[in-house]
């Protein structure tokens, strides 16, 4: 299946392996006229770059992006935008061990089962570097959304069970864990130090908030906005769970408590509470979108693990190399990017929902 | 957007409103030669039918399905299969109130925002009756899967915070709540009685297990099997969360505990544990698939709620009519159906993953 | 493959066999608010109905359409519109012979090769009755287009080599062959009488003209408007060729003659000639779209033909039954319908081509 | 719309402009295990390269392709294959004139109408260089097809009205016009010399033959194999017509002459003639596929033409620069490539048409 393609109108195709020539993405269906230069994209990539601090892999990559097509005189042309990041630091020797054995928690075995063999260097296509294409394309989607007054902000809600108790957006980029609560970040740092000392790793939860989205975006049956956000999040390697609004807590609530009453404020209909997380029946309701993604702990750990080889021989494995003890801080921008791609596509789709608006649109061109 | 279409190869399009002429689905891309009669489909529909017991709406519907095309001499022909259920019990008067006001927790407002107006009779397209199309099509997908030795079983894991403590598959259909634990079902029944007395409602969690799925199904990037299952679940009305394997609990675990070691059993590579829930890197790993969907409490409650009308007038609303105090028991078959549709599509896609198998396939036809 | 699905935004799925319960279509993605009643659709179906005159099959079908969903208070709701025509006159005995042998020029053999068996009654899914779904859905697309001032008109340009020498639109519905030239129609009638007497059949060419389409519709690479029209036409059974504008004649022309000069008329840029047929680089140029489809002669003829059975036995075959000696007059509305579906989808897609228009669109909703 | 994406299972996305950084394509959904090196792709690109002889533009391009991903140890991995050709000879000054005026026969005006502006350097995205992506991807599709014994051969059937009278496949690559008839090639050469002297250009017809395709490929309704071939051909810039088998000539024939009788040869059912061109009801019938595409004359001519500027000013235009007086010889490989992409996709889709084959496929994996 063409599994590296995403989106219907704003469509992307990503490519590249951890230790191949590079990583890239083509964006097909981006509207013409969006001001875009490579710095717009580079800024996003820098947020997911390795080597930012002691909690991220020390692989040394500049991750410099080139725009190869689809932009002319500083604006998108409406034709495909090809973006490319060349790999620089490809120490294949670090990964030679995994050619023959199946690392627990990794996709080595399932890749072999599907394709018969795999590019084993550094995880190949299932490496975290695959997300470079998502982030690069997501930066373009964010440009489009910001022109419409829509803002996407994600942060680390929880690491290894330690939760942020408050949401201070100013704090997010002040600590290396991208938590919106300095005290929680301090405690999580301590936990991570212990995990690193114990050759172990941690997971966490990222929360994402989308403001400025008008009501009416998304579709009522299979293409519910929250359904597509769930797919977007679970498509990120290591994500094991998704919640919209109150999520699993809603399942334990009651109708009278979980229902959000409507009221009128400043001449607009709005909800008094937001247990729903901003969608009703799969369609945005004008409140903020609020959702969470649960990330499993980094599977690459330096402590001894039992596994088997391709030839079914039992083997003990110790994964050395450059791995993040926790992936969630760097994944924040990936979550924002997937959200941006999903919402941009839904917004463009939505323009055809009413015939009166279509008529007005075409009348205005005459 | 064409939001009522689902699947790539095994593709369905559903249609119909709560109080229109009926509900239906067309299945396009179903392989030829599957034995199929209407009883195969009716059995599945009977499991979601209203009026099964005191916890389900007393709307009286036979929900009898007709096969209108695509089956000849008892087998699917490979051409589109049209299935149709006519609505019988359409007491529109029960719903006249909602034409003008927005029910909390329902899609009334978001539909109006999107389409400018809506079929307000009984929720129209956003009614739970919409799932009839999913279940009818899912029954065909299940026929295909069962020919391949794949079995899908869902059950109610939790209602209103009361969880099943054990999983006894025999028990599921013995109690009206479809819980695999008789004692938990008894306690949940009591909770529901209290909620009904209090004009309130409950939510819950459905867990689904898929056995017999070979390793190698699903795709590594955007079309991860778990990503598509997440979308499938969140596309069901009222679902607010999804977990694969350990889900959110994995986020609080450590790498050493969460990683599933590989071993060899009976000449096959398998995992010793299944924290992952049966996928690695988005591709099935040969273990059982295990996932959960969180359902919010039924939003239609008979107690007084504050809301507004289309004209922005505040109004107090009391929803009478025939509504389930809890939706999860009837949703079990919907979860199974969406899982079946998703997995059937992934299996068919997977046939083209390796050129050696393609060559063998076409050689065998000569 | 899901081969009975058509369109990206305005998407349809058709179903049904010649001698099954009926024929139908579901339209998913139709904008909300289009005034629609069943007469809009019935009028189109009546134009393709059998039994209109001596040149069409005498099968007696009312071909009455029902709207089962997606329309409320006389307007489309934005949700799927299910349309259905029940088969009435199913004389299966007429067709029993073809269960075992392969009719020349029909899809019997290729269906068996693909699916292993087939619904052999009256051609099953490959019957001309399959086009009912296209025409019913096309009528809705035409409603949308007419609200935008776009008009689609097709007619029979040629039958059995006899061409219309003039295009008199008033004449089209005056003669049973739907030719825009009464004299050519008279000559073609004579030819058809001879063919019928000789137990033979004729083919022909349909030309289609689209007026009122703004410049800028269609896409530059694979989704060229003319490419999609070509697919639309060749997807109609019996079509063997397609021409845009001058078509094959352009291949024999020169650049200086074939290029259409631009000029300004009434303050608008337009082309002085229209060799191109209304598209440049796959995008509409503001001129009329002009294209043609070539239909092969009806393959069902009453004269003796040599063929083989499923068991590879040679056999002589004489096809009796109710068949049109020429199919093109009834196919005129099918050509219009496929054009309407294709253009409607392209128009809706086009709304997202420029970011300034997207911003204006969403600003207007605030 | 995402108009630079093609295919359902074997899916490609192309990018790049005439005078940007380069041209490329990503292939998503290619099966794993196909032996592939850059020479396989370079050979195909060399056949479309400029500067091959006096009838092709003298633009000097090496058109050297790089494989950036998706190939490991000499075989495709099943993950996206990114291919890239950097532009070298970008004499932008040749094209400065067209920034403001609309060249007749080109997409300048329609691009502006759609996107509001365009990359005017050398045609930008609508340049013939766009086909590099098609040819590069097509070379991979051809590798797959050749492993299944399927061969695609195209040649120039006609230039400026001069037709090949015989089909000598050996002759095709012997003459610069790629005609399968040396005498016709000589006459066409003379015609082209005259056109060049007269600052004019010519069009032509390419015929394509596909051998070795099994019966049963393609789908019966909208996804007819011939419908997709028609779209594939019309998606090539400058193509204005398509014929399958006898094409337009069939429209003038009779049923008794046009029907292809079935017979048995060497224990296989086959057709005695092939008026149909290898498909019946949209599905391959085991005969060779035979189809044609009509190309308009090169619109860039050095003689004076009347046109207008963006500001609606009349202007006389003389297009200097490096342009092919005829495009068809270089387009032969483009036709083959689009055919290969279309057929590969249809073959992969076809693997899921019958449940017995699906069961056998999955049984063989156990």
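Labels for the chains are A, B, C and D, by order of writing; each one numbers its residues from 1.
Here is the rule we use: contacts are C-beta pairs under 8 Å (C-beta built on N, C-alpha and C of every residue); 3 or more make two chains touch, one makes a residue touch a chain.
All figures in this text were calculated on a predicted structure; none of them were measured in a lab.
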_Of the chain pairs B-D and A-D, which one is connected by the greater count of C-beta contacts?_
A-D
*Could you find the chain whose CA centre sits the greatest distance from that of chain A?*
C
*Where the CA atoms of chain A average out and where those of chain B average out, how many Å apart are those spots?*
26
*asked:* Taking the mean of the CA coordinates per chain, how far is chain A from chain D in Å?
replied: 37
*How far is the middle of chain B from the middle of chain D, if each middle is the mean of its Cα atoms, in Å?*
44
*Please list all residues of chain B that touch 2 or more other chains.*
1-5, 8-9, 14, 29, 32-33, 78-79, 114-116, 125, 214, 216, 220-221, 349, 352-354, 356
*Touching chain C in the complex: which residues of chain D?*
1-6, 8, 14, 102, 104-111, 113-116, 125-126, 130, 158, 160-161, 195, 198-205, 214-224, 226-235, 237, 240-248, 250-256, 258-264, 267, 269, 272, 275-277, 279-286, 294-301, 303, 305-308, 312, 314, 346, 349-350, 352-354, 356
*asked:* Which residues of chain D touch chain B once you look at their complex with the stated criterion?
replied: 8-9, 29, 31-34, 76, 78-79, 144, 147-148, 214, 216, 220-221, 347-349, 351-362, 364-366
*Which residues of chain A touch chain D in their complex?*
1-5, 7-11, 13-17, 20-24, 26, 28-29, 32-33, 66-70, 72-73, 75, 77-82, 84, 114-119, 124-125
